[in-house]
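Chain nomenclature is as follows: A, B, C and D, assigned in order of appearance, with residue numbering initiated at 1 for each chain independently.
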Amino acid sequence: MSLDLPAVIADITASMASMEDRGQVATYIPELATIDPAQFGIAIVTADGRILTGGDADTGFSIQSVSKVFALTLALGKVGDQLWDRVGREPSGNAFNSITQLEHEQGIPRNPFINAGAIVVADVNLGGHEPRVAIGEMLRFVRYLAGDDSITINDAVAASETATGFRNMALANYMRAFNNVRHPAELVLGSYFHQCAIEMSCRQLALAGRYLMLDGRHPGGGRVISPRRARRINALMLTCGHYDASGDFAFRVGIPGKSGVGGGILAIVPGRAAIAVWSPGLNASGNSCLGTLALEELARRTGWSVFSPPDEGD
Amino acid sequence: MSLDLPAVIADITASMASMEDRGQVATYIPELATIDPAQFGIAIVTADGRILTGGDADTGFSIQSVSKVFALTLALGKVGDQLWDRVGREPSGNAFNSITQLEHEQGIPRNPFINAGAIVVADVNLGGHEPRVAIGEMLRFVRYLAGDDSITINDAVAASETATGFRNMALANYMRAFNNVRHPAELVLGSYFHQCAIEMSCRQLALAGRYLMLDGRHPGGGRVISPRRARRINALMLTCGHYDASGDFAFRVGIPGKSGVGGGILAIVPGRAAIAVWSPGLNASGNSCLGTLALEELARRTGWSVFSPPDEGD
Amino acid sequence: MSLDLPAVIADITASMASMEDRGQVATYIPELATIDPAQFGIAIVTADGRILTGGDADTGFSIQSVSKVFALTLALGKVGDQLWDRVGREPSGNAFNSITQLEHEQGIPRNPFINAGAIVVADVNLGGHEPRVAIGEMLRFVRYLAGDDSITINDAVAASETATGFRNMALANYMRAFNNVRHPAELVLGSYFHQCAIEMSCRQLALAGRYLMLDGRHPGGGRVISPRRARRINALMLTCGHYDASGDFAFRVGIPGKSGVGGGILAIVPGRAAIAVWSPGLNASGNSCLGTLALEELARRTGWSVFSPPDEGD
Amino acid sequence: MSLDLPAVIADITASMASMEDRGQVATYIPELATIDPAQFGIAIVTADGRILTGGDADTGFSIQSVSKVFALTLALGKVGDQLWDRVGREPSGNAFNSITQLEHEQGIPRNPFINAGAIVVADVNLGGHEPRVAIGEMLRFVRYLAGDDSITINDAVAASETATGFRNMALANYMRAFNNVRHPAELVLGSYFHQCAIEMSCRQLALAGRYLMLDGRHPGGGRVISPRRARRINALMLTCGHYDASGDFAFRVGIPGKSGVGGGILAIVPGRAAIAVWSPGLNASGNSCLGTLALEELARRTGWSVFSPPDEGD
């Protein structure tokens, strides 16, 4: 193996530090608008268990929509493929918070990674319980995946979203009219906003993503989900993980990934690596500006695109 | 290697023969409406040069939209990444012949695999020449890729599309109003319809697809395109290759593929295999019904999903 | 004058009694779903003060969206033409409860008679007060217009809408994200649902509509609104008063009118008559089936279409 | 009668001459782009036969979409109400040349005054003949209505549109795919572009519109269409005559009118007046800027809004 991964990470971290255009920090969640954009972190966990990091890899950030991957995993465990009666699996061709598509398709969101779809998933995970029960279960699940009980939820961020989340309230009520949200909207969103407000560092996030690299196995033993389901979640991350820039991410990076408006991206190279990058400035599509560039450079240096012959990589 | 590929192909071929629901043969191109739906073929060319076939693998069929892969390859060779100023790289969220998106996005098609995008690609490939020049170049290119000079164009199919292709004429004229089609619509479509009317067997189509499995190299020596470009075409096939069922195909099969309304699908497993399947009955999304099922079964048996760890496969 | 209006009304009432297809009673508001569809009423108040009635003209019904006319009149009195910064004046080209248009036009509803527009009007009328204040003001205004203090609000209907009004909750929250709804959605809708739940008979409704026939004057003396504003409200009723069937209503009837899902329609013949019809069965566009037919017949018999020479009428 | 119409016209003409913002001359038809925007004309024909004019009332201009009124009248004469199986009667909620709506509604245009609807009307009027036959019939019809055989078609304008009318070609082909255009698109548009290129002065246009003021009668005797049909055409002009500004025109002017991109507007006050105004500069909605202002002022001074009591007018 000729790939010097530590050197690659050092190069990328240095390269990102010199970038002038870092995008814009999300402002629609007031609590996030104050984050310093001059931060960048990266962490890679390899299939053989090495952990490599660069930059601000141990600084916590709001994982926001990256949480949709873990919430989907939980929901599939609860209701299995019946979930797909309520959520589609197609890229949306619209912005992350669009409501137009719901009207054309009778309240069925196109995929579980746009906000509408994630709200249905949160409705499934609520399962008749109080929001705090679902929130607790989600937090325990993420801690178990990462093997780290220090992961917490930032209540101020959750409260900030609750106070301003009118579009999500619109989405939830709209789907409730089609009976595709089954709990009161404020309960579903109470749970959803707390899930989005989970705080993790790049290191923690990469560790939490290992099961998707390992075909569903937990590195500590046992199985989180079946290989088929792990593969399918990876497929959804590739086709739908970056909102209306998913095609471009697949084109330029070629690795399944899920971004969040907090600036984090979780990316999975099946059989090889779970990667987390973070930089709070966003590009026009709402994905981390430096995070996307770092993953593009990483894919170029490692040959980890799923669209290359495997032996081109490490 | 424990994968017995001949047995897998034999099983799949037998399984497909017993299927009762074979979908509907496309009727909007009159010349295609008469094809017998009780046909199924499969051909796999592996990276080490083996050719394995099953069923009607040597029967010729109209490759239709599968030709968009070869046309895109040619156009990128002509104008390079400037092509992306005129065509996007995002899944469309609409039917293959939708015109709505063009109005919202100022005449720029979402990707080169929906009809509007393929018409722009045909406009690029026309390059100021007569349609017969562009058609000749396309045919020579496909013969070179497949290493088979017996491949021809079915003029009756091309004429049939010309007589009924009103939607494509609408798309071409609409984009011409935005100067994103630059030759007269009837010339662009003259070339486009002939490209779609190329006839190939599964064997020929799989052979023609080898360069995408081989990171851009021609198996006979030399390079068709750069590795980066090959990877990117594979990425586009995965995110956009099956119209508004691309997400579902990625979810269920997990292999880059491009379907055609003639019932053919070209699928690429990077570094491992180029696959062609064919069965003329289509499902509701306009993709080959049995072809899709056969590829799903093949991916399951071989572990060839790009979303699985590579060592799970052969 | 050769027009025998009592005979016309008698004929129409008899004709409606014999109709077999009476449409479907609205079911999405549970409290309305139980109304007997075999009812029809009509009341006409002429410019010279005659009141003519037919059928169930004194049975109360839920005026629902007809209330949007009175709410608009109130809101224009409060904020004047500034209202038009927040609501458009164009027919919508969509169903009454569509949310798609709001996304394309940045939270500005197309007109004050679709639900989204009426919710903005309710937000204006709320004006920082408690819903009960705005509700009280609206009820007093309608009583003043009709000269009838016995008009009341049906709290059961309002409660029924509150419990099931998820689409309206979605609309209100969606516009709040654009700051085009400025009070909490539940307060605005609390007021809006009570406004819709006003109960009136045809007689009362026709009386309440007199100011629009009289260029803004109250028949009891004084002025409700300016002539210019009365004319403009009539124009809005003609172009937008029947949701996505407004064009058809103008084409067939030719009289400004506003329909409600409770089966009522208020129609205004400027300078001549204020008309109320009611029959609870709705056609596919959500407008009263018999009510529309009755007005079409009335316009035919009287020559009251605003698109005919005035001397063709009475 | 206290209305001094000559003084009103003189005032309006003077007022328009002093306007600084005259809008933009349409540039998408090259032949129209060279017109001097500093022109304004008005002509009013009253029910009692007076003709009053102001400004450039005898300068010819391209009537463009105003011709849709005459073409609709002809088509209704040919196929009667069957026309409404192929064209709707609702305002479109979209720009005049939008194609989106056609996709959602299966090739049926929303009304006969948007381009798609007018193309269907032209297809009906073609009726299996050569374009020159239909063009000749249209020209004879307009001459008959105006009582003026000097009216001609500007072939240079027609040729200019033919060379650049890609959007119209797209619309025609798109509807042909739904069999709602039944002749080859180039023949239908050949006829349509010539109809649009009819040149008339304000005087001629007002004269041609008399039948719509007179409930369908030709002032020279005989009947052009039935009263019911005249009324309905007036209704369509009010709800759909100004593209996506029809609601605003009804709101501000209150008189049925049809505008054209050449800067002309034909407006009808039933029983009272046929009015033509012309000024080539267009506002953002594609309607004559000064023409609209002049009609608004005229309606204010005369009380001719169809939404006012008739006795408020002359």
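Note that in this section a residue touches a chain if its C-beta (ideal position, glycine included) is under 8 Å from a C-beta of that chain, and two chains touch if they have at least 3 such contacts.
Note that the structure is a prediction, hence the values are computed from the model and not measured.
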Required minimum of steps from chain B to chain D, each step between chains that touch
1
Just the number, please: Cα centre separation of chain C and chain D in whole Å.
31
Taking each chain's mean CA coordinate, chain A and chain C are separated, in whole Å, by 48
State, to the nearest whole Å, the distance from the C-alpha centre of chain A to the C-alpha centre of chain D.
55
Scan chain A for residues touching two or more other chains and write them down.
none
Each pair of chains that touch: what are they?
A-B, A-C, B-D, C-D
Which part of chain A faces chain B closely enough to touch in the complex?
47, 88-94, 101, 110-111, 213-215, 227, 230-232, 234-236, 238-240, 244-248, 250-252, 254, 256, 270-272, 305-312
Touch list for chain B against partner chain D, complex
98-100, 102-104, 166-167, 169-174, 176-177, 185
